[in-house]
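Below is one structure. I have some questions about it.
The chains carry the letters A, B and C, assigned in the order they are written, with residues numbered from 1 in each.
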Amino acid sequence: MSDKEKRGNPWALRFTTLGIVLIPVAVGINYVGKLFASVLKLPLWLDSIGTILAGMLAGPWIGAISGAVNNAIFGITVDPISFWYLITSIAIGLVVGYFAFTGWVSNIGRAAVLGIIVGAVAAVVSTPINVILWQGQTGNVWGDALYTVLVGNNWPVWLASFLDEVVVDIPDKLASVIIGFLIFKALPNRLVGLFSGSGKDVESI
Amino acid sequence: MAVIEVSELRYRYPNTEKLALDHISFSVEKGELVGIVGSNLSGKSTLCAAMVGLVPHFYKGAFGGSVTVSGMNVREHSVGEVSRKVGLVFQNPFTQITGAKLTVYEEVAFGLEHAGVPREEMPRRIDRALSTLGLADLAERSPFAVSGGQMQRLAIASVLAMEPEILVLDEPTSQLDPAGTSEVFRAILTLRSEGITVLIAEHKVERLAEVADRMLAIEKGRVVAFDAPARLFNRADLAEHGIAIPSVVSVCRSLGVSKEDGSLPLSVSDAAKLLESAHA
Amino acid sequence: MRLSLYVEGDGWVHRLDPLTKVIIAVSAIALTFILTNLVANGAILFVSLALLTAAGALRRALPVFAGALLLALTFFIIQGLVYPGNRTVAVAAGPVALYREGLLVGLHLALRLYNILSATLIIVLVTHPTHLVEALVRRGLSPRFGYVLMAVLQIIPTMADQTKAIMDAQRSRGMETEGKLWTRIKAFIPLMGPLVTSSLISTEERALALEVRGFGDNARPTFLREEHIPGYGIVLRWIALAALVSGIVMRWGFGWL
C-alpha cells in the first residue's frame, strides 16, 4: 500500500503551520476554478476544487475550515450571498476529507462515487438555507425553472427546492472531485506525506 | 567562543533509508562568515534547516547527535524560540512574504508581533533592519510590488529585526539576477561587519570564496573539508566530491601558478598580479 | 486587482472601529429575519442606506444592488406565480396569474435580500479588512486564524494574475478555449493543473518561512498599531443592541411587527 493510502486518523487535528498555510491557498484554488469555469463559459461552478484538495491533503477539519473561510471571505468581499452558504462548504470539506483519509478513494471510479455523494450532501445541506432565505429558490436558471414547475404543480416547497439544488450540485461536484483527485494523484509523495502529519514523534538514532 | 556547536549530527527524513546528514561535526566562532558548498543533493539545505530546528521539528523523521546554537540545544526548543537567536533565509523570495501584511514596514513587524516584542521597541528595530538592508524608501510599498533582489532583502530584513546572533542563508541568490545577487552579498557583508555570525549555503563559489572566513564542503551528508577558502580550494580531490571550484583556481592550477605559501589565488585580480610577476 | 470593495474615506463612519460596525451590521441582519413587518424591514434598510451614504460609499454600493436586482425580480415572479398561500389575483395575463399573497412574500424576500446586502456592505465598503481581522485577533481570535484571513486577501489577487498569464501562454500554444462544450471542458485541466500543483507545492516553502518567524508557537502577539475606539462608537453599539433586543421583544413578546 502506498503512502497515500495509510495516512493516519482522519479526525486528528492537523493544525500545524503547514495545514494552516494550506487554507488560503485552497481558497485561492477555489477562486481560480471559478474564474476558469467562467472564462471557458462552462455550465458548472467548479468553485470548490480547493476545498476538496484541502480535504484530501490535510483531512476533514482543514477541509471544513477551508470551506468556511472561503465563503466567509467571498461573502465579505465580493458576493455577500455566498456567506450564508458557509455550512455547505464546511460539509464538502468534511465529507471529502473523511473519505480521502480513510484511503477509500483509491481510483477514479471511487472518486466519481465520492463526487456524487458530495453533490448529494451539498444539496441536502443547502436546501434548508435556500428555504429559509428565499423560499427555496437557488438563483440558478435551470434549477429555478424546475422549482417553478414543481411548486406550480403543488409539490412541497422543500422537495422542489432540493431538486432545484441537486440538479446543479451533482454534476458540479462530480466534476470537481474527479479533477481534484487527478491533481492530488500527481502531487509528489513527499509532500503528501508532510501534510498527513504522521503524528509520529521524532525518532532518535 | 563557539556560537554554533554541531556534534555527530545524524538525520534521516521520514520514509527514507539513507541518512541525509551522516555524522556531521563542526563548530563556528562568533562573527565568522562560513560558506557551505556541495553538490545539489549533498545535504546543504538539510544542514541549514537543522541550524534552526526545522530539522527535526518540522520534518519529523529520525535525529541523532546534537546541534547547539547560541547556547540552545535545537532539539529541546521550538523553532519559534530558536528563531529569536538564529535567522534563516530561503531561496525563494516570493514564498517568504507572509502575505498577511500590506506594507514592507508591517511585513518586517510580523515576526516581532509573533515574538511578543513590546510595541515601543518595534519602530527602532524595524527602522534599523530596513536601513541596514537599504529598504528604507520602500517602507510604504506593498511587499509584492518590489523586485526579486528587493524581496529577498526584505526577507533578510524581516529576520534581522528579531536581532539574531546568527544568520543562516540557504542559497539566497539562486533565484536572483546578477544585480539582485550583488545586492544580497553586499547586505551580507554589512551584517557581518556588525558582528553577526553568518552561514551561507551557495553554488556561486567564486563570490563565496571572496567573503568567507572558512568553507564547509559537504558531500552526501558528510563533511569533506572545513577550512579557509585558500587552503580548501588547494585540495586536488574536490571535484571527486562534487565540489565546484572557482574558475580562477582551476585556471591557475593548470598554469602551475601559485602564491608564495603554495595556495592558489581566489580572485581574478590576485591571479593577474601573480601571472604578471611570473612573467617578469 | 484588490480583493475588497473597500472605499477610502475619513468621515465619522470610517473612523468607527471595526467591531462597532460589525455589531451594527449583525443587528441589522438579525432584525431583518426577526421582524416580518414590511414597514419595519423598510426602516432597517433605510438606516443601513443612510449609514452608507454618510460614509460616502453609496455609489460603490449601487453596482452590488443592481446585480441583485435580477434575483429580487425572480422572487416577485416566482413567488407571485406559485407561492402555496396564493389566493387573490393581482395581475393576470391570459392563463398566467400573479397573486397578491405571493407578490407580498416576494417583496418581503426582496427587502430581506437588500437588507442583508446593505448591512454587509457597511462592513465591506467602510472597513479595511486588515483592521477588522486585527480587531478580532486583539480580542482573542487565534493569530493563526488572523493570518489565514489576511493571507486570503493577498493570495487571491496574486493567483488571479497568474491565471491571466497562463491563459495567454496556453492559447499561444494553440489550446482551444472556445467552441464546442467538450472542447472547452477539455481545456480546463491544462489550465488549472499546473497552477494548482505549483501553489500546493509552494505551501511547504511558505510554512517554513512562517515557522522561522515564530508562527508555529501560536503565542499571544503584540501589535504594531494601536487601537482607537471613538466615544460615539460605544454609543452606537448600545443603540444597535437595544434595537435588536426591542425587535426580539416586539416580535415574540408582543406579537407585533
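Here is the rule we use: a residue touches a chain if its C-beta (ideal position, glycine included) is under 8 Å from a C-beta of that chain, and two chains touch if they have at least 3 such contacts.
Remember, predicted model here, so these are calculated numbers, not experimental data.
Distances between chain centres, each the mean of the C-alpha atoms, put C farthest from chain B. Contact counts per chain pair peak at A-C. Centre-to-centre separation between chain B and chain C, using Cα means, comes to 46 Å. Computed centre separation for the pair chain A/chain C is 20 angstrom, with centres defined by C-alpha atoms. Taking each chain's centre as the mean of its C-alpha atoms, chain A lies 42 Å from chain B. Residues of chain C in contact with at least two other chains: 147, 151, 155, 158, 202, 206-207, 210-211, 215-216.
In chain A, the residues that touch at least two other chains are 17-18, 24, 194. Residue positions 58, 99 of chain B are each in touch with at least two other chains. Here chain A touches chain B in the complex through residues 3, 17-18, 24, 189-190, 193-194, 198, 200-205, going by the rule given at the top. Chain C makes touch with chain A in their complex at residues 3-5, 64, 71, 74-75, 78-79, 81-84, 105, 109, 112-113, 116-117, 120-121, 123-124, 129, 144, 147-149, 151-153, 155-156, 158-160, 163, 167, 177, 181, 184-185, 187-189, 191-193, 195-197, 199-204, 206-207, 210-211, 215-216.
Every residue of chain B that touches chain C in the complex is listed here, in rising order: 49, 52, 54, 58, 78-81, 83-84, 87-88, 90, 92, 95-96, 98-102, 106, 109-119, 122, 144, 155, 158-159, 162.
The part of chain B that touches chain A in the complex is made up of residues 10, 12-15, 56-64, 75, 99.
Residues 15-18, 20-25, 27-29, 31-33, 35-37, 39-43, 46, 49-50, 53, 57, 65, 69, 72-73, 75-78, 80-81, 83-84, 133-135, 137, 139, 144, 147-148, 151-152, 154, 157, 179, 182-183, 186-188, 191, 194 of chain A touch chain C in their complex.
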